[in-house]
Each structure stands twice: as C-alpha cells, then as structure tokens.
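The two complexes that follow have chain A in common; it is paired with chain B in the first and with chain C in the second.
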Partner chain A sequence: MGLLAPTVAILLGLILYPFFYAIWLAFSDKTIGNPGQFVGFRNFAYVIAWPQFSAAVTNTVVFTVCAVAIKFVLGMAVALVLNQQIRGRNFFRAFLLLPWVMPAFVVYLVWRWLYDPLAGLINYALMDLGIIGGPIAFLSDRSTAMASVIVAHAWRNFPFYAISFLAGMQTISQELYDSAQVDGASRVQQFRHITLPSLYHIIGVVLLLTTIQTANAFEPVYLLTGGGPSDATMVYTMLVYVMGMVNLRLGEAAAVATLFLPLLIGGVLIVTIMLQRKANA
Partner chain B sequence: MASQTSSRRQFLKSAAITAGAAAAVGFPAPARAQRPKLVYWCYQFLKGSDDARAEFAREWAKKNNVDLQLTMVPWKEFMPKITAAIEAKATPDIVESGGVELRARGQLLDVTDVYKKAEKAEGGWIGPSSKIMVEPDGRVHTILYGLQGFMTIARNDLLEKAGLKPPPATWVELLQWAKKAQQPPRVFGIGQAISNQTDSQVWEDIMKSYGPRIADDKGKRVVLGDHKKEMWEFLDYFEDVWKSNVLPPGVVTWDNTMNNSTYQAGKVVFVFNPVTISLWLEANNPELLAKTGHYTYPKGPKGLVQPLTYASRSIMKYTKVPDVAKQFLLDSTAFDKMNKEMMHSQWAPVLKSYLDFDVWKKKPFMKGLVDMALKGEPQSWPDVFNDAWREQSTNCTVSRMLQRLVVDNWSRDKAFAETIDVLNKIYTKYA
Partner chain C sequence: MRDPLPIRALTYGLLAVFVLMVAVPLFWMLTTALKTNKALYEDFSYLPTSPTFEHFVRVVEREDLLRNIWNSFAVASTVTAVTVFVSAFAAFSIVRYRYRGREWVGRFILFKYLLPTAMLFVPLYAIVVALGLGNTLKSLMLTYLTITVPFCTWMLMGYFRAIPAELEEHAMVDGCTKIGALFRILLPLSAPGIVASAIFSFTLSWNEFLLALVFTSDHTTMTTPIKLSMMVVGDQYIWGQLMAGAILASVPITILYFIGQRFVVQGLSAGAVKG
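Up next is the complex of A and B:
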C-alpha cells in the first residue's frame, strides 16, 4: 500500500483535484479574487441561453469532425507515399515534420497573412491567374471562414498522422504484399486488406488523441478570426476564453467547459468502440 | 634607505584596520538583508515608453535602496496574468493595468493619500481624471499617470488633394470625405474593425453620439430599448458606411492591430486609434507622419462623445511594503520624471503641471492629446463605468449587433432584440 502512495498522491494532486475543482467552479459564482458561493445550476442556465453557445456547439463539432477527417486522409496519403522507395525519402520524412514543429503562433500568423484580402499571397495568386476578379476575404465571410480555419489547422497538424501511420506501415511484413501481388491483388486491395487492418491499433490511438486535441484547439480560432465573423467560427474553447479571461467570469467559463465534457467523452467513446469492433472483427 | 619590513604585530594591526575600514564603507550583507522587496508589473505596449518607465523604476529602486523585481507584462496578457496571480496568491506589489477592474473586485489598497499629495504637488487633476479615480465614497484605489483615447487619425494629404480641409465636423461628414478621398483598392476610406475585438468599441462611441445609451444613470437597468428611434438613425448611418465600400475587406475579423498596420501601410484615409500609430510613424515613416492629422472624434447629432481610458498604477492589497509602494506611486507622478517619459509615451496629461511638458512643443502631432484630455469623458460615458458595462464592452455587444446585420443578414429588429437580451442578461447579474 505504501508503494502506491506516490502514485495516488500524483493522481489526486495533478489530475483529480483540478478536474473536480473546475466542476465545482461551474456551480459557483466565482470571479477573480473572490472565493465564490454555490449557485446550483445558475451558470449552466445562463450559458445555455447565451447567444454564442449554440453556435459554439455546432462549430466545435464541425471543426473537430472536418479537421480530423482532413488530417486523417492527408496523413495517410503522405505516409503511403513516404513508405515507397523514392529518392530523397529521408529528407522528405524530416521535411514533413516542419509544420508540426513550428510554434502554433507563427503558423497561424503566417496563414492569416496568406488569407489577407489586401496583401495575402493566396488572393494575389488567384487574381494573377485570373481565377477571381477581386479579393476574397477568406476569414471574414461566413461561407469561407470556418473552412479557412480548418485548412490552416489541418496543415499544421497532419504530420503527426503521417508520421504515426508511417511508423505503423514499416512494421508490416513485405511478404504479405508479395504474396498478395502473386494472387493478383491490386494496390487498392492491398491497402484495404493488408495496410489498413494492420494499422487499426495505431489509427485508434491517433484518432483518440487527436480528436481530443482538435476539439480543444484554441490557437487557430483565436489567432485567425477571434470567433468571428459574428459567431461563424466561435468554438467552445474560444467561448471559455472570452467568458473566463476576458469577462473574468470563471464560473460561467467553467460551466461551458463542463457542458462540453459529455460531448467530448461521448465522441472519444464512439471512436474507441468503433475501432475496437473493427480490430476484433 | 629605510627597511620596508614589518613586524608580525604591525601586520596584524594593519590587517585589522583594513578589514574594519572595508566593513564600515560597505556593510553589504546586513544592509542587503533589510532592503524592502518591491515586485512591480509594468505594462508593456510601446517600447520607448516601456523602457522609460522601467529605467525610472530601476533608478528609483537604487536611490531608495529597494530590491526591485520588475516584470514587463504584455498589455494583452495583463488581466489573464494578474487573474492567475491572484488565484495563486502570488501577486505583485504594484500593477500598471486594470486599476478599475481590480478595484471593483476589492483587490487594491486605498491610495487616497497619494492622490491628494500628487494633486497638491502638481496643481490639481485635469479632464476626467478625478471622475475616473474618485469613488462615490471619496476613496481612491488607483493613481492615473496618463489618459488615452481613440482619436481621429487622418491622411491630411489625401483629404486636401480632394479639396477638403480637415478635420470633419460630424460623422456624416467624415463618411462623405472618406468616399471622396479614397482610391480603392489601393486606399480605403475608413479603417475600422467591426469584429469581436475591443477596438470595435468605436462603434459604441459613434452610437452614443446619436443618442442611445445602454443603462440608466445608476448603471443598473438597461435602457437601450427606450432609444429605438435614435438607434435606427445610427443604424442608417452604419449601413451607409457599410454600403459605401469605404471599409477595407476583412474588417469583421480584424484584431486590434489591423487598423494600425493598415494605416501605417498607407492604405486608409481615416482610422480611430490612440496616438501610438503616430509614435510608430515617427520612428519608422516620418514622411507619412508629416501627412497625418490628429483630431478628436467628429460629433454626432447629439454632440461629441469622446471617451478616454487611462493608464494607472495601483497597489495590490496583499503588499507587505505599502509605504514603499505608495512612495513609488507618488514619485512616479513627479513633473520631471513624467516630462522625460512623455517624450516617448502615448498619454494625454492628467495633472495641471503636465500641460507645460516639452513634448507638446517638440512634437506637434502630440498636441491633439491635450485637447482630447480636456474635452473627453471617462470611458463608457454617459453610461456608468461598472462591471456590467465593462462586461458588455469586452463582449463587443454593439459590434456583435452590427455583425448580425452585415454578416448574418439579420433584420434590425431581430439584432436589436438580441442585443437588449444580452445586455439584460449581463446587467441583471450585477444588479
């Protein structure tokens, strides 16, 4: 029992205490510097009725699902290419990590400049090529803002998928592919029946971790749009920031975060169960 | 030649004298142990000003034998950092931001005595300074050292080229001039955000110059709904601005730096911003500065609404060195110190003696600050600056209403109803 004490202490101090403290905050009228009183479900009622809350729910789901899907497809495609015997493979493998190792702050400021309607490279290029007649305000139009944020986020984070999948692919025996080729299996069939099933466990772990990470992403929205235009890119982390750090209402901010907890846990469970079933099939 | 050798007794004697003399001059160890420690969080925004304040603090600490721990905190991070510090019970002694917000949360030490001493020494407070500092019960918890407000910053050269003589007298005139002087897509008329960032506050100021106000005189009850007629006049004006294509593309997601950078790049005729834009131009683009005019806001149908924010120093109530901290606050307001500092700063004067600063003579573009300080009102005016007003302001409530119209294509009635609902929610919490 004594041997377990350090583990229990770390678990209590670093995980359980902050977790339950955050939940307690959601039930209090805590503001900065004041201890706060228990207020029941008042904060929850307040934030649910807040105009940006429903937008935050929808946007968080859209952002998470789309960004994870894009990162998955892009990461898998790049991993498949880099798993081939191509010239300069090691260089490309190292180069691939560049977006991921760059500080998020730098990445998103660069993307903001790329999207800029007056001085941005994308608008210049599209206009020079005659594709568009006038500049597009990618981040400021409701119809393009969320997609633009997702693209920037996916660009920064897909290398993690690619590297993880690549590592998994390298453990698959070449003999499996050789015998499949002898049996006349096409490239797509080899991918579907050998590569993909061999990667299920890695895919599971990657999706699990990155779904949580994507749903909790804050920098792309904060640095690119601030949640706007209007509430077009208002995700829940941005709402928590505005309520807690800008408006200094910690109880309300904690209530938003607590309300999202079941959604996040649910999403993670769905991903885990689906992959587990697939792996066991 | 006399012998230079010494006896053992003489050597010990001289060694003792030397050691004693060294100790008498320095007393470093015991003196250092008794030095009071002062933790000072300095607002970081404009390098010249930041350096001047930091340098003063270091010199002051040296002169007063204080162990100073100085931290430069970026402006945007100040409230989150002080928030975390309060929660962690690791607060500094002196903070240079958030005076009114921290006062409202009971985090600050009473500094009424410092207020009175500075008033006496510098000939009295000017403009809205006293209104900002003195609370209903007569107490003071934060000491202003500068006022700051959004000014109309204009490309005089482009206006004159279009046959116009700045400044525009009214908001309507400003729009007409912007249309006349702009040359899109190279130069747009008005570089003003309509986003979820606090610089969009300018729209609330314009709205108020058309008559609407948010809450009653007590700052408790939302009265915006009683001003529908004036609000519609303001929205007519806003929609004119939007449809005139005087705003650069992208203003609905601009952050607080975009109006600066767009003006500094020479791409707009008018912006509304503190004089920091011009301080940057002074160092980096004096040609553009020479073409730039600095004015108070234009008037609306109901007159001038020129709100002023402030820069202040406050002492956290947890300080263990209140007297040292108070002395620092008082010495920080002294004429000579501020005269030197203002050459590199963006502040409008707060004390009467400051009207004689060299900066107003040496930098003509700064003179507009004096006019602004004398004509301005505390931020939020005619509303009461309280927690409710502050929250609706940081929430960018008015700008969000405008975005509902032009981004989401809502009707005026629907956007106005949502705004009143949000305001009621916020004000009810603090009632």
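Up next is the complex of A and C:
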C-alpha cells in the first residue's frame, strides 16, 4: 500500500485540495496578497449578471457542438477512405495523423499566420482565385472569428477521431461485407447497417472524451483571438483566465469555473445516456 | 475483390482532398521559415524563391530559443521519469493487492478527467506561490504530475490486469520478493505500456500551455510554447522566425511519436478497453 502513497499524495494535494480551494474561492473576496473573506453568493450573482458570462456560455456551447460535429464527420470520412484498399495506405495514415502529432500551440500559431489579413496565405489564395475582392480580417471580424477558430481546432484534432474509428473498422469481419454484397446491399446500406453499429462503442468513448476536451479548450482561443473581437470568441476557459490572471479577481474567476462544472458534467451525462440508449436499441 | 471504378475514383478523390488539406498548412509553415522577410511581406509568392536559414539563426541567436527548448526538455524528461515510476507503483498496488478503498483511486482518476485545468489553475497557482516555487521550472514539474500520473496509472492498470498473476506467484515461490516480481516479471512484460506512458507524459508536458502561461513569467523559465506565443505580440514582422521556432518545437515530438507509434496506439486501446 505504501506503493500507492505518491499517487495518493498527488491526487489529494494537487487535485482534490485545489478543487475544494477553487470552490471556497468562488465564495470569497480573495485577491492576490489578501486572505479573503466569505461573501456568500455575491461572486455568483455578479458573474451571472455580467454580459460577458452569457457570451461565454453561448460561445462555449457553439464552439463545442460545431467543433465536435466537424471533427466527427471529417474523422469518419478519413477513416472510411483509409479503410479502403488504397496504395501506400500506411504512408497516408501516418501523413494524415500529422496535425494531431504536432504540438497544439504550433498548429494555432501556423493558423494565425495563415489567417493574417496582410500577408496570410488564405487571403492571397482567395484573392488569386477571384473569390474575394479584398483581404478579410478573419480573426478580428465578428462574423468570421468564431468559425476561423473552429476550423483551426478541427484541423488539429480530427486525426484522433480518424485513427480511433479506423482501429474499430479494422476489427469488423470482411465476411459481413461480402455477404451483404451478395444480398445486393449498396455501400451506403453497408455503412449504415454494418460499419456504424459495429462502431457504437468506440464512437461513444471518443465522443465522451473529446466533448470534455473541446469544451475545456483554451489554446485555440488564446492563441488565435484572445477571446475577441468584442467577446465574439470568449469561451469560458478564456474568461476564467482573463478574470483571474489579467483582472486578478480570483473569486469571480473561480465562480465562473464552478458554474461551468455542473454544465460539463450534465453534458457528459446526457451524451452517456444517449449513447447507451442507442447501443441498447 | 477489387472495388468498382466509381468507388475507387471517389476514394482517391477524397484522399487527394484530405492530403491537400493537411499538406497546405504544413507546407506553409516550412516555406515561411525559409523565405526572406522581403518575400514574406512584399513580393508574395507561393514557393520560396531564394531560400534562407536566416530566420533559424535569428530565432536561436536573438531570441535565445534554445534556452526555452532546453527548459521544455528539462521539465518534460523529469515529469516523464517521475510519472513512470509513480504510476507503475500505483497501478501495481491497485491491481495486485487487496485492501479497502483501492477501487476509490480508480474512480477518483475518472473524476479528475472531468475536472478542467481552467478550474484548478488559480488554486494551483496559490499553492505554487505558497511553496516558494513561483516562476520556476519546478512548479511545472510538480503540477504536470496532476495531468500525467492519473492518466498513466489508468493506462498501466489496463496492462497489468492483462498479465496473469500466476507468473509473479511462480517467481515468488522461487524466492523473489513481491517488489522483485514487479521489476523482473510485470514491468518487462508490460514494456509497451511503459513506453506508451513515457511518450504520453513527455508529449503532454512538452505541449502543456495553460499552467506554463500562468506560472512562469520571464524568459529564463518560459517553456517553448509560452516563449513563441509571447513573440507573436512583440513584433509585426515576426512570422519567419516564429515558423522557424515552430519547426524546432515540433521536430522532437514528431520523431518521438513516430518511433513509438505502435505502443501509443496499443496504450490507448489498453486504457480504454481493459481499464
């Protein structure tokens, strides 16, 4: 049992204690250098009434739902293609994994440069193709900022979906497809009635893990837009950072994080229940 | 049986689209690092006309990026070494010993997965400052364990469960201690799991952003991600150097991944299925 001691120390000292400390902070008026006193629900009342908070709720939901949907569809399409008999399959599998292997911060810096309004590739290419007349400030225009952040995030993370789905597809017996083909089932029918049902378990695990990760994403927003323009991409993690580390209002920062926890856990529960129903149906 | 022509055409057509989608940003990162500033900001061209390594030289000499890469390396390797030992001991204890409360550790690890770093970084910052570790690499080494240890313990539990306990019992009949059996039987047999958890720990530490951003505040303690993100705001014409730095930051981790690729894929499935 002594073997477990270091892990227990880490779990209690660096996870459980900070967790309760964060909840206490949410009920206190602590700032850096001042011990802080219990103030009841004042931080929560203040935070909820703030327009930035409702922007963060909407943005986090929009970001999570859109990003997960794009990553899912793209990952599934890539897995289906890589599961065909193609030449050089191992090479393409390794190559299409590259965005996910590269450090996330590198990917977002590269995309920030691609989106650059003055010298970025995307603006040059779109203007050369005659699609746009003048450069677009993708990351500082309210109408394009969120979509641009979502695209960069999806580019970096779709390979995880692709390799997970591909691993699942490779365990499906070829005989199932052969006999379906003899019975005259089309490719689409084969996908719906053989491939998809065989993947339910993997789809469930992947969606569960990545929905949590996506909702908690910080780097894409921090590195691409910093939450702007005028809060158009302000997700909740960014709001916690700005409140805690820029405005140094620790109580309100903790209150935002605490308010989002039930939302996250609720979201996870809904996904789990939906998947179990689907699997049992 | 070969696929009919329309299906093959569709397959290769989509494959081409996906390859292009992945290749273009990577190509742009590489060529930006090799273009002169004039080629980047005045005479736009899709291909580098007179490639130069001046951005690499500048990012190393003027920005002293190797210092930050070394910081990242020091943090990541320390965290990896500690994580592998601590997680292997914990997983061994949970899988092979019977005592009250051991199942709680497994549940707690799942609970940790739900806890966002966004909730923990403010209290962790307070702890780091209270321990006198503000603005040090040690603060990162310590707090990264909260990410790596639960994850690797969980993964190794999957590996250890798959190995029959009889093997160790035989070794103990032959006079081996229980800890000896861990080192001589269990660890060698689960070597792929150990390699996978080492790669995960190293990669997670190398890439970690939020805690490094909060805890470190000057050039001498910054890890690579923070240094590069600070360079973005510093200078309008920084992109050549920034992409050079981005390449330097990606190469080690990409090589590491492709060397250990098969262990990582196995590790993911061991944690997910057997855990």
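Here is the rule we use: the second predicted complex is superposed on the first by the 265 of 281 C-alpha atoms of A that agree within 3 Å, B and C clash if a C-alpha of one lies under 4 Å from a C-alpha of the other, contacts with A are read in each partner's own complex, and residues count from 1 in each chain.
By our rule, contacts are C-beta pairs under 8 Å (C-beta built on N, C-alpha and C of every residue); 3 or more make two chains touch, one makes a residue touch a chain.
Note that this is a predicted model, so its numbers are computed, not measured.
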| item | value |
| --- | --- |
| Side-by-side fit of chain B and chain C on chain A, or clash | clash |
| First (chain B), second (chain C), both or neither touched by A:Ala253 | second |
| A:Thr225 touches, of chain B and chain C: first, second, both or neither? | first |
| Which of chain B and chain C A:Leu14 touches, first, second, both or neither | second |
| More chain A residues in contact [chain B versus chain C] | C |
| Contacts of A:Leu207 with chain B and chain C, given as first, second, both or neither | neither |
| First (chain B), second (chain C), both or neither touched by A:Asn34 | first |
| Chain B versus chain C as contact partner of A:Met245, first or second or both or neither | both |
| Which superposed partner A:Asp116 touches (first chain B, second chain C, both, neither) | both |
| Residue range of chain B overlapping chain C upon superposition on chain A, of 26-34, 80-88 or 314-322 | 80-88 |
| Set intersection of chain A contacts, chain C complex versus chain B complex | 116, 118-119, 245 |
| Contact footprint of chain A on chain B as seen in their complex | 79-80, 83, 86-87, 101-102, 105-107, 185, 195-197, 248-253, 255, 262, 265, 267, 391, 394-395, 400, 403-404, 407-408, 418, 421-422, 425, 429 |
| Interface residues, chain C side, partner chain A - complex | 1-3, 7-8, 11-12, 14-15, 18-19, 21-26, 28-29, 32, 40-41, 44, 86-87, 89-90, 92-94, 97, 99, 102, 105, 108-109, 112-124, 126-127, 142-143, 145-146, 149-150, 153, 206-207, 209-210, 213-214, 225, 228-229, 232, 239, 242-243, 246, 249-250, 253-254, 257-258, 261, 265, 268-269, 272 |
| Chain C-facing residues of chain A, complex | 1, 3-4, 6-8, 10-11, 14-19, 21-22, 25, 77-78, 81, 84-86, 92, 94-96, 98-99, 101-107, 109-114, 116, 118-119, 121, 124, 155, 163-164, 167, 178, 187, 205, 209, 212, 215-216, 218-219, 222-223, 236-237, 240-241, 244-245, 250, 253-254, 257-258, 260-261, 264-265, 268 |
| In the complex, chain A residues that touch chain B | 31-34, 46, 49-51, 116-119, 134-135, 137, 139-140, 142, 145, 224-230, 232, 242, 245-249 |
